[in-house]
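So that we are looking at the same thing, I have put the structure below in structure tokens.
Note that the chains are named A, B and C in the order they appear, and that numbering of residues resets to 1 at the start of each chain.
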Amino acid sequence: MVEQTPVQVFRSQEKMGRFTSPAFYLKIAILAAFIITPFLFPSFKSLDLVLKIMIFAVLVASFDILLGYTGILSFGHVMFFGIGAYSVALLLGKFGEPTYAFLFLGFVIAILVTTALALLISFLSLRVKAIFFAMVTLAIAEFAIILATKLSSFTGGEDGIIMSTPGIFKVSFNMGSFMGVDITGRVITYYFILVICLILFMLMARFIQSPLGRVMQAIRDNEPRAEALGYKTFVFKATSICFGCLVSTIVGGLYVMWVGYANPESVLGVPIMLDVLLMVIIGGMGTLYGALAGAAFLRLAYTFLPDLQSLAQDLLPNLHFVHTMMERWLLIFGILFILVVFFFPKGIIGTIQNYLKTRKAV
Amino acid sequence: MSESIIKNHSRELTIAAAIALYLLPLLGMDMTTYLTLTIAGVAMGMMIFLVASGMSLIFGLMDVINFAHGVCFAWGAYVAFSVFNYFDKLVAADSLLANFMVFLIAVAAAVIVVGIVGIIMERVLIRKVYGSHLFQILITFGGMVVLRELIRIIWGPNDEVMPIPLKFQGNWNIFDIIILKYPIYAILLGLMVFIIIQMVLKRTKLGKIVRAGVENPDMVQAMGHNIFLMFTGVFAVGTALAAIGGLAMAIFSVQVYPDMGDAYLIFAFIVVIIGGLGSITGSLVGALIVGLSYNYVAYLLPPLAVGVNILIMVIILLIKPTGLFAAGK
Amino acid sequence: MTDTLLKVDGIHTFIGQHHILQGVSFEAKTEGVTVLLGRNGAGKSTTLKTIMGLLPAKQGKIVYKGKPIQAKKPHQIARMGIGFVPENMGIFSELTVEENMQVAMLKDDIAAQKRLEDVLQMFTTLKDFWGAKAGILSGGQKQMLAIARAIVNETSLLLIDEPTKGLAPIIIDALIEAINQIKQHSVVLLVEQNFYMASQVGDDFYILDDGMVVHNGRMQDLVEDDELQSRYLGITK
């Protein structure tokens, strides 16, 4: 038998452990939960919640490709999400009756615009200093918001664009009942988005495991050394940025297919950027699956926070300050964000991973 | 021969070209409009300079990018708003002296309050993340969100009308050219701050130590200077400068609102990228470029007003990635 | 105790994940020049930075004038009378020569002015460039400025990191003269690769290798011992 290199040994061990580890079954269970949700909780509210968790999980994971795996902070990530959303919304909403061709074209245009813009931004700012990337992307993202608001004849201004989806994705479409649940356009859209999200997520997981992804992590940890080893770090970073942004733009298109409208606040604004940042920090930078944890945590919090607010009102009816605080939940999120960055810089999944690792070592 | 002329006089040539470029808008408007826009542009440039210089100074010395800088701008505006409301008699008084007094009180209050906010931020948040840009950005971004929400809690979430001292309103009429009074005051304020910063940096020992620290913080420490105390001080000064900019802007635009700092944070980024991180002169030049371009384009092609500054930033990044006036590093 | 000014005892220093100093111990007497020798990457510069507090020592003790200083901040250490001339000289090139000296001077009284006069007497070329930006100085002049900055305060110990790096031989002779003058007032801890320089000014030596002291003794003995030189320093005659 030929002696194996340490890398090969590591790889084969990893492959052997793939189907036996608890993490694998957990992933299967999560996927199963996503699949059966429409049958267990057919109400729109719960479907909406689960779907948004899914969409944000992929969006946050694509952000994590940049932040956690390449060490680049982009404030323009939500802008690419918005490009996808606006592109699909424009084609479906502005040219009469929506068709499959327009839907497809919407995604194609989004992908082309995103690739061009991501390359341009990388070229401009990566040559200088990584820190410029954050500043340049924030400036351009702000510009995108202003464009979307000001070009009202094209984008619908503050109100945005309202559109419907074609054929089987249409809300009014009904295929009849299956296991007691109406298979409406909503449900079909749900499964369509689930499939695409799954594919995107698997692509990302594959991406970070690929030789390309490993070089990326080497660049994150020690750029001069990666460069000294002969890697053109600029090319790798730009590739990573493009990949992350493409995922983001596709998810943007999917999101708009679900909610049926796109306006500056819902797909471009700072609050969404904050959400994404918070989700990636809570889930854990550089863990990919942390994105799912972070997205689930925050979306659940959003859904149940109003209940908590009224509860606080009942319990402490006279404390005006507490009410103001509760109304300003962004304040609480901001503080939470800082605390998590300070005390759990690795987030939920990262902290668990560390714990398991140390326990194994002992 | 001709090459050497270009090289020797590159600075003069650049300035001449810039002046020519900034006379170009004359083609699209008459002289009076041009003058009005120029004064408004320079005034806006001065306010942006106040924000950007603080940010640039902080980056130069501490290697920290402060994303909460824009919200410090808004805090300055709101503190002045409270001061003006409290001393409403002085604001409404028909006396230049009383008006300037209340203005100075507002400046002092804004500097003190926001300076303290800056000290707290540096001590509590930023001190722990020196050296890691990523965590600095995240932490200061979190700080920004918290400070902005605090504005909403303290002063309410809505837009408010900023009271204007009586003598700051109105205009002078010089040879049929109408010149608004306040922009001139704002320009003078900005120039004064610029001169004070330059004097402190060039003439005082503390300023020299700060400039030395921009180049080599380790060496400054090894010479027996407590650089962390300097960091706190410079951070407080930087945020206080943003506060002065904020109050100047609030009077200029006659309103205050919690998000008012966001646009100025972006302007400040563009300015420090254009002017070069860490250079005060670069901040002034960059701010004037941004302020003037914004006003000309806002008049000629309104939707592109912000776009033109992004375009300038992109061009500068292409031809001189370190900015026009790169500091020591 | 009385005849050691600085005692370094088993210090361990990390840069990132790299374990650079693995228990370095040595001492500098209350007078003379102690030279740290060793090849590139042996940990000589890291030792000086650790003493100065610019890099934290994970383990070990540094005692200066009988007091432990390993937990102190760089500026506190500097104010105890330790001057530092780093490897890259640490010149503030955007500041003038005058401003460089002003930043270095911790006091501004008559005694300090007198010392400034003396220092400029020693490095007369600095006066010619007094108002010029330090960035335009030649390598040798920068080195003079760096040393001048370090001795303009009352220093009992001067840490100098490879002053001869990249300098012409004629300037090295001037430097040797300068250091021989400085050692009249102050103890010098010198990191040096240039053995000629080291042998001309040194009294004691320590040889570092892989973050540890591997040999030490009197400089006189090392100069006479060809075998030792070739073993540790790769010098063959």
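As a working rule, a residue touches a chain if its C-beta (ideal position, glycine included) is under 8 Å from a C-beta of that chain, and two chains touch if they have at least 3 such contacts.
Since we're looking at a predicted model, the values are computed, not measured.
> If you connect every pair of chains that touch, what shape comes out? Choose line, ring, star, complete or other.
Graph shape here is a line: each chain touches the next, no loop.
> Sort out for me whether A-B or B-C is joined by the greater number of C-beta contact pairs.
Of B-C and A-B, it is A-B that has more C-beta pairs in contact.
> Roughly how far is chain A from chain C, centre to centre by C-alpha average, rounded to an integer in Å?
54
> On a C-alpha centroid basis, what's the spacing between chain B and chain C, in Å?
Each chain's C-alpha centroid was found; their separation is 43 Å.
> Please tell me the distance, in whole Å, between the geometric centres of chain A and chain B computed from their C-alpha atoms.
Between these chains, centre-to-centre, one finds 35 Å.
> What residues in chain A touch two or more of the other chains?
Not one residue in chain A touches at least two other chains.
> Over in the complex, which chain B residues touch chain A? Could you list them?
65, 125, 128, 133-135, 137-139, 141-146, 148-150, 152-153, 262-263, 265-266, 269-270, 272-273, 302-303, 306-307, 310, 313-314, 317-318, 321-322
> Using the touch definition from the top, list the residues of chain C that touch chain B in their complex.
52-54, 73-75, 78-79, 84, 86, 90, 92-95, 99-100, 102-104, 106, 149, 153
> Please output the residues of chain B touching chain C within their complex, sorted ascending.
205, 208-209, 211-212, 214-216, 218-228, 327-328
> Give every residue of chain A touching chain B within the complex, in rising order.
67, 71, 73, 124-125, 127-128, 130-132, 134-136, 138-140, 142-143, 146-147, 150-151, 270, 274, 277, 281, 324-325, 328, 330-331, 333-335, 337-338, 341-342, 345
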